[in-house]
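Consider the two complexes below, in which subunit A is the common component and subunit B and subunit C are the respective partners.
== the complex of A and B ==
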């Protein structure tokens, strides 16, 4: 229950910034528009039916769902964690009967709640404005589940990066490195089926495809039948691995933090 | 005391020179303090220039599957992206500190800056330097070179001069837009960082403007002139878009937006000082 309170507090302080959130919402619509125009131009100029197995309408759907997922990810939460650690707020949190991992997760969830609502509205708009594909029934349900795991993965990755603040002066280097890997290997800009064989293999063994590529392909019904369960299994696998890594980092970091803090 | 000094130096040229000197002094300090952590310093430069190379790689992968975006090939689209990167990273190197106005207001730091006998704008702009932006600039230069080599154009001297005029105008325009955006902070008490919103919308300029249709092109030329940070400079070298003649407007747009920005900025500061204390 205390975590529900934490989510509520973070949510309430976030919606104070109404103008900012509305601007972000408009920006999301703008980005969707750019991508629709871009892919329409690409398909009509190259005079093709499909590119790497995607039709124009599938490609537009892919790009829009990717933009919506990016809204959930692009808040640079690792820097909030860095502030917790560097500015001393962590000391206060540690004295309370609260687990820091879940404290931060509640905070993250609360701060993202309005983004989730805005993204949902943007999705509805996209359905009507760009007539994107909508999965129905069980697929939609499985996609939602897959998206939740993706959301959790994003948090654990931020947590791992943020924990570097226990040791390093500055986490920008680590954060940017992970961002490049995500840019290249998550399928956030173009589907992984565009990639040459070698790069695709690398993408498949890295965790980042579980953030974008897998949920979007489930949404598009490019992954069907039992393959959906394999995809979700891969996501859960990475969620557990990254959770354990984040836990380990946090434990070591806190050990150092408390011994230094005295 | 302060008045006497400003009377002595009311010559605009010497004041500008003084401001530039002060700005370089700030940057020297920023770099000296960043280089204290040597490993971190080089890691960030390396990683942030790599990010740009990652973007080149994504374009390569995309253009493996397709030939053109609205008649623009790989090298030409890369030139657009490189121009946008050059302009935005240079702008951020010049005025990165403006992005932290909300923070300075919250912590009361801004009032300290206001009390000092130097321009608030200069102090804010100089106060911060993000190493990422230097790395991005390096990456942008690499992108630019790859694009030029790939297109294998041999532009005339006039084209090159025009490109740099357009690029500098683009820098001035983006500084003006950033200033306007950040001035809003002074008018509202509940504002988070609009900086981020502006810089994310720069993505508009990464593709040929023609794909958006004429209405949006008009918007991006005269109302929110983001076209001048990538599309129009690239036109000076490529001469290919439908709207390439607008490139010549770049300096005019730059002057107009600078005037608007300085007006809104001084209004904003006056408003802040009159409500604040």
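== the complex of A and C ==
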């Protein structure tokens, strides 16, 4: 299968940069350590048992899983897409019998394979070092599924941002804006339940919570029973919507590309 | 049988323009001026199966635009194009299976990985059957002498080595049509030679139709029977290279070396007054002992002109040159046909 081969090639290409990946791994460990320190300090300083419904141990688990998700999915893939478009690689790709969306997705997947292994190791370390919560059985399975959808969502967002390169000279502006929205409204930084009512409502109608908040809450078993399926349904809904938007952007972008030339 | 048909092809680009300076920069934030540039201006070309066509023209003539339209990555403004019966820009992926494209200035290979990995990826992308793939890799490795580089990461290859691998990569799937955009750019003589021989063989033995754009007249001379010259989006010549050369070959350059460096230009002009007046010859240059004439061999017999000069001037040495292809092309670019 051509896309399987593409994933393999991107993986092989990526492990050429072993040192980079190992450094990233060490950085993840450091980040986890800092977050554990930070939350422990916040809890003991305020002398409270829970904040917005989170105990210290739950909060540490939340923060660590969020870091792992961030590390897991290289989250600035839009710049790779920008390079494809600006440096002319897209021209070569378009001379091939291949669909660019899936070409890029395979490339993204392949480049992240080694990080998945590192993140898995970091997760095991976190279980022993910080005794974080581990869901078992069906919950773990549903979490994994939810994580995969989150992965796809990250890609579609990168694709949408990357497509701006068809029109704009530079995509940093768009990228940074959306990255800040994600940081704020996805729950990657602090749980959304920390937010005041108004902001929480905004977060709930935006797609970003499906990337972090929902999978982490499934992991923490804060969402249980049939609510898990509702959460996954919301994720799938956003996956479809963002996929269609990304497709539309790509279609319009390619239209422009093929009328201007690379 | 016609494999490529191009009818009344027009392509216009819209480009932004602005004057220099701060004021113009600020105005352009609100209203951008656009200018239309014609890249192709009503081109008609038919290429038959098995032809080897050289597409030449100065920079910005529209060669790459044409190649891109044929590859399906560029939409024309108007006109009709069919490549093996398919409209390339409407059915890009379907067209891609029939064609092999090589842009000399871009790489087809995966930078960090050994060449063979890219080959295997292409095998999957084009769904090349195992036997055909193995046969091609074996044959191409031998012909292009790349077998020892197949396991080397691309970034460690020299330009010549890489280009030979690129050539193999664009032919692995046995395309019916090959589009080459400056395939020998930047290569040394040996690498050029090897690549040319390879294309010649592919064209002859496999009956692959090849369209080649180049600035290297050596490529054209060695490979293409037919050439198409385009300039400013217009086709200015389409036919056999030989016929074009014949038209210009009547003009010969005769250079004399004389013993007396002090013969003046005006003296020369008066000596050959009649011939210059009747445009039989032209005095091209006179520098010290060296005098250059252009002789129109249709109007005057070259040997007679030489004889005459020998008797009139203290000639030490002389030589007669036919125009080189480079020169012919330069003349066409400058003045048209």
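One rule holds for everything that comes next: the second predicted complex is superposed on the first by the 258 of 262 C-alpha atoms of A that agree within 3 Å, B and C clash if a C-alpha of one lies under 4 Å from a C-alpha of the other, contacts with A are read in each partner's own complex, and residues count from 1 in each chain.
Please note the rule applied: a residue touches a chain if its C-beta (ideal position, glycine included) is under 8 Å from a C-beta of that chain, and two chains touch if they have at least 3 such contacts.
Predicted model only: the values in this text are computed from it and were never measured.
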Practice task
Check subunit A with both subunit B and subunit C modelled on it and let me know: fit or clash.
Solution key: fit
Completion exercise
The chain contacting more residues of subunit A, comparing subunit B with subunit C, is B
Exercise for the section: Could you look at A:2 and tell me whether it touches subunit B, subunit C, both or neither (first, second, both, neither)? Expected result: second
Handout entry: Which superposed partner A:169 touches (first subunit B, second subunit C, both, neither)
Key = first
Exercise for the section: May I ask you to decide whether A:91 touches subunit B, subunit C, both, or neither, giving the answer as first, second, both or neither? Expected result: second
Practice task
State whether A:27 touches subunit B only (first), subunit C only (second), both chains, or neither.
Solution key: first
Handout entry: First, second, both or neither for A:16, with subunit B first and subunit C second
Key = both
Fill in the blank from the handout: Check: subunit B-subunit A-subunit C angle from CA centres, nearest 10 degrees, reads 80
Practice task
Would you sort A:53 into first (subunit B), second (subunit C), both or neither based on which partner it touches?
Solution key: neither
Exercise for the section: After superposing the two complexes, find the smallest distance in angstrom between C-alpha atoms of subunit B and C-alpha atoms of subunit C. Expected result: 6
Exercise for the section: Touching subunit B in one complex and subunit C in the other: list those residues of subunit A. Expected result: 16
Practice task
Report the residues of subunit B in contact with subunit A in the complex, numbered from low to high.
Solution key: 37, 40, 43-44, 47-48, 50-51, 54-55, 57-58, 61-62, 64-71, 130-132, 188, 190-194, 197, 200-201, 203-204, 207-208, 210-213
Fill in the blank from the handout: In the complex, subunit A touches subunit C at residues 1-2, 4-6, 9, 12-13, 16, 88-89, 91-92, 94-99, 255, 257-262
Fill in the blank from the handout: Listed in rising order, the residues of subunit C that touch subunit A in the complex are 13-14, 64-65, 68, 71-75, 89, 92-94, 96-97, 99, 101, 103, 106-108, 110-113, 117-118, 120-121, 124-127, 153
Fill in the blank from the handout: In their shared complex, subunit B is touched by residues of subunit A numbered 16-20, 23-24, 27, 30-31, 33-34, 37-38, 40-42, 45-46, 48, 51-52, 168-170, 172-173, 176-177, 179-180, 183-184, 189-190, 194-196, 199
